[in-house]
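Two complexes are shown next, each including chain A; its partner changes from chain B in the first to chain C in the second.
Our next item is the complex of A and B:
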């Protein structure tokens, strides 16, 4: 199928579209980063609100789970009606998908904190907020961070599909390539988009490892 | 016959009250042993005394209260052990004191103040809290853990650091070595020391300890118990200590409250009183028999009358020593060195045909026991020596008297007799 010079021309393709590819890669990374960050803030807040009430916690997790089961293409399509095309539906969809792992891990992390430690904290006169900020959140942090890491990997892939609603990012390469399959450079485009996303995903994952290392106290590091 | 002398004054800390006579004068306002009724309101509140007055805790959905109308007075500077089987409500009772559990009704007074009228967090910062497995925060260093309460109280950084080092030293952990370590890098015993240091950080008048040594191996546990007693000697905190371990209770408690279901206080008395005079079958069953052996284990040599035997010095004339032994209707004398430390026994047989100074005739004494040793240790020594006598020494090894098997036997008998007669007197006074 793909002739040997096809590989060569892939490098040529990369060189010829360098600026566009760098721009799209940057947009892709930026969108994923911002959406996961937003989901992290929202998800941790939701987790904090519900983790001490098992029923609410179950409700939050299952709601996030339901959102998660909606196919990304369908959700993006549904969002066109209220939000139109472009950045808005992409960002909303990405944030929603990122919520599930973060909410779930926040709840799991916080309720996984040894109750005797919370008891000890109360016993030495720590108030609710202080226990949360100084004991529970730091101890749950590695688990929450893992949630964010999983969310980032998910968002990387789903962000590609955002091109369906004219969203930003490397998805455009993949969609254009697939749209004119067999045409000039169609394989190169798809390949560039896919490889770009894979590389981004690996870079982000490495970042998470470093962040985890830096933000986890030595006393609870695995 | 060697006559007996009154007991020597205790040299070390007395862990048990005086064997006879009225209530220990060091315990003002002590309530009657075996009496679970409401104590007098006048009990000492200074030095962090704790009082529970008709306290009840009813958990929702439970038929019987977990703590049922309990009144208990812990005098300032005392270690009171709450002893009972699991489910007796001892931990619940303890947690009522720092309001980790809010009582359904009743009154709680800590260091002279109404605990229920204070902000719970303020109250808890004034009561040290030690739990099983120490409950150290794993993501904080030892130093941070210990400095938490001072930090909450708004102390300056330098003051906290100085205090942390002081406390680590107090619990026998070198500050430079341990300050910046994390809890998981410490052994269980070391962790619990840090736990105690953390509880002591802001120098609270009172401490609550919930089975703090329960998860440690027996050797470490003994160590930490001894250290706690040593610390207590220095610090004089009011300590409420929860355990289900009878031996631990007998060892640590100035007084022990034995609890039954609903935290009902079956007996509240000194360890000796409880061993000699269990209030009822429940207590007896809980002690699990072997009370006489336990009594030996928890009584000090200082508490029993020692035998006096004729004394001699190496320079004494043999005939004079012989005369002294005869006068005392004894068969031997103890030879002391120039600093009154026991060196040898000399018997009438050794003296036969001897003239002039006795010099180093006779046989060396076994290693002397000390007044602060337990009677169990004395018994151990007696079983192992070739004579029936073991010398007792006080500080600087100065001879105090001699114990024999019959000394111990008589001591136990006397203790029992005295307790019995005191009880009769108490009963007579009550009616």
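Our next item is the complex of A and C:
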């Protein structure tokens, strides 16, 4: 399906590989979405478990911080040994990187809830679980959501590097461009991959703005 | 400064001991301030968790546990690898001299690019924070945000496609990638300086330049230093990508390990890069603590 390797203009290139590009964009978006969603669930759970115990909270954030400091290429490389090439190491790495902002923001958000409000809720007879679901989580939600937003931006870029371990997504274009350095269409491929990821990142960011607007409790909206 | 406005640029890997939520400075401050503001003053409720989130700090001996552990792990791994059964390919790549040279290249890439980033970003940040440039600030921040969503590998490969491969292209790519977060950090750091303090400076007869040098820059130092630390760690990570375009560095071990299917080589590259990043992050944290003006 790949046409003869003449030098194409960028638009011609986009048109000629439309199906592949759409497919890779979709893969990229869906991988990032699923990984951030997984990280959101895991991260909020971790945050809920530790936020009342300062030592555990410090331990959770610094562990996530260490993972976060490890460069993505190194982590992906380390994951090749146990998980092989392909989707598995990419997904694990993306989820791990997404955890730090989410865990940290969950803890900060939950501990930032005014204690007097929690006391008041207890005073009117709310149970532990109800306080968590009705008071603490809604108040911490904007902060948690900001964490998820940061995680998404990160995951977008790291997903591109994941193509090195044969992960799915637009990184494929960039690495094909690299493999054909100086050859026909190498600029087109790299540009398509890079621009595609930038556009996806901006789209996701816009979605987060909308989600934030829709899910922030009315009383604390800015 | 309350917790939520703590400097943590969203895309950079930030230090494990850095307090505050991660988030773009403006949106995070706006969003994170809301829950605290719902009941009481932000500072009062935010102080408690912030101290709780701190890893052991200060100049006690415990601060040196981390680097010692990092160096020990690195040394032990190298001992283990050098003494394990290696075939000729792996042995050649893992020769101590070669590994040391690659490590040095990696440090060189990270340090040179960080210095260039600072030379560009800090003066630019100072210029953009002057009152006559204020209208341009939102624009620059918006561009910085869009630029941040460009994937590092894309920037690196695009520059290689345009300028050819090699060390200096790698440096250019690293600088291009690192300048925006550093610039944003400088801007945010200078913006959060209390305007009454600069007014007071002008009021006691300081010139604008003196206010900048004696009031604004010292007050912005913690944020700027945090930004330098983030940039350094970011550069260590991105420098591993530089090996794709023949920039050298420890990424070479990873690519060699993958292409020749030698797991020990791959693992050595990964472990050394990870340890280097952690070590540099620690150094950055120490520098930030020691260089910050007293009284803040």
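Throughout what follows, the second predicted complex is superposed on the first by the 214 of 222 C-alpha atoms of A that agree within 3 Å, B and C clash if a C-alpha of one lies under 4 Å from a C-alpha of the other, contacts with A are read in each partner's own complex, and residues count from 1 in each chain.
Assume contacts are C-beta pairs under 8 Å (C-beta built on N, C-alpha and C of every residue); 3 or more make two chains touch, one makes a residue touch a chain.
Just so it is clear, the model here is predicted, and its values are computed rather than measured.
Q: Comparing chain B against chain C, which has contacts with more of the residues in chain A?
A: Answer, by number of touched residues of chain A: C.
Q: Output check: A:127 vs chain B and chain C. Expected answer is one of first, second, both, neither. What do you get?
A: first
Q: Taking the superposition as given, does A:84 touch the first partner, chain B, the second, chain C, both, or neither?
A: Touch partners of A:84: none, neither chain B nor chain C.
Q: Name the contact category of A:177: first (chain B only), second (chain C only), both, or neither.
A: In the superposition, A:177 touches chain C alone.
Q: Quick one: classify A:156 as touching chain B (first), chain C (second), both or neither.
A: After superposition on chain A, A:156 lies in contact with chain C alone.
Q: When the two structures are overlaid on chain A, which partner does A:139 contact: first (chain B), second (chain C), both, or neither?
A: Both partners.
Q: After lining up the shared chain so the two structures overlap, which partner does A:220 touch, if you call chain B first and chain C second: first, second, both or neither?
A: In the superposition, A:220 contacts both chain B and chain C.
Q: Tell me which partner A:65 touches in the superposition: chain B (first), chain C (second), both or neither.
A: A:65: touches chain C, not chain B.
Q: A:117 contacts which: chain B (first), chain C (second), both, neither?
A: both
Q: So chain A touches chain B in one structure and chain C in the other; where do those two contact lists coincide?
A: Residues 116-117, 139, 219-220, which sit in both footprints.
Q: Applying the document's contact rule, which stretches of chain B touch chain A when the two form their complex?
A: 98, 100, 120-125, 129, 131-133, 135-141, 148-149, 152, 182-184, 198-199, 208
Q: So in the complex, the part of chain C that touches chain A is made up of which residues?
A: So the residues of chain C touching chain A come out as 3-4, 10-11, 13-18, 20-24, 27-28, 30-32, 34-40, 45-46, 48-49, 52-55, 146, 148-155, 157-158, 160-162, 165, 233, 236-238, 240-241, 244-245, 251, 254, 257-258, 263, 266-267, 269-271, 273-274, 277-278, 281.
Q: Spell out the residues on chain A that touch chain C in their complex, using ranges where they run on.
A: Listed in rising order, the residues are 54, 57-58, 61-66, 68-75, 77-78, 80-81, 100-101, 104-105, 107-109, 111-117, 139-140, 142-143, 145-147, 149-150, 153-154, 156-157, 159-161, 164-165, 171, 174-175, 177-178, 181-182, 186-187, 190-191, 193-194, 197-198, 201-202, 205, 212, 216, 219-222.
Q: Note which residues of chain A are touching chain B in the complex, please.
A: 116-117, 119-127, 130, 134-135, 138-139, 217-220
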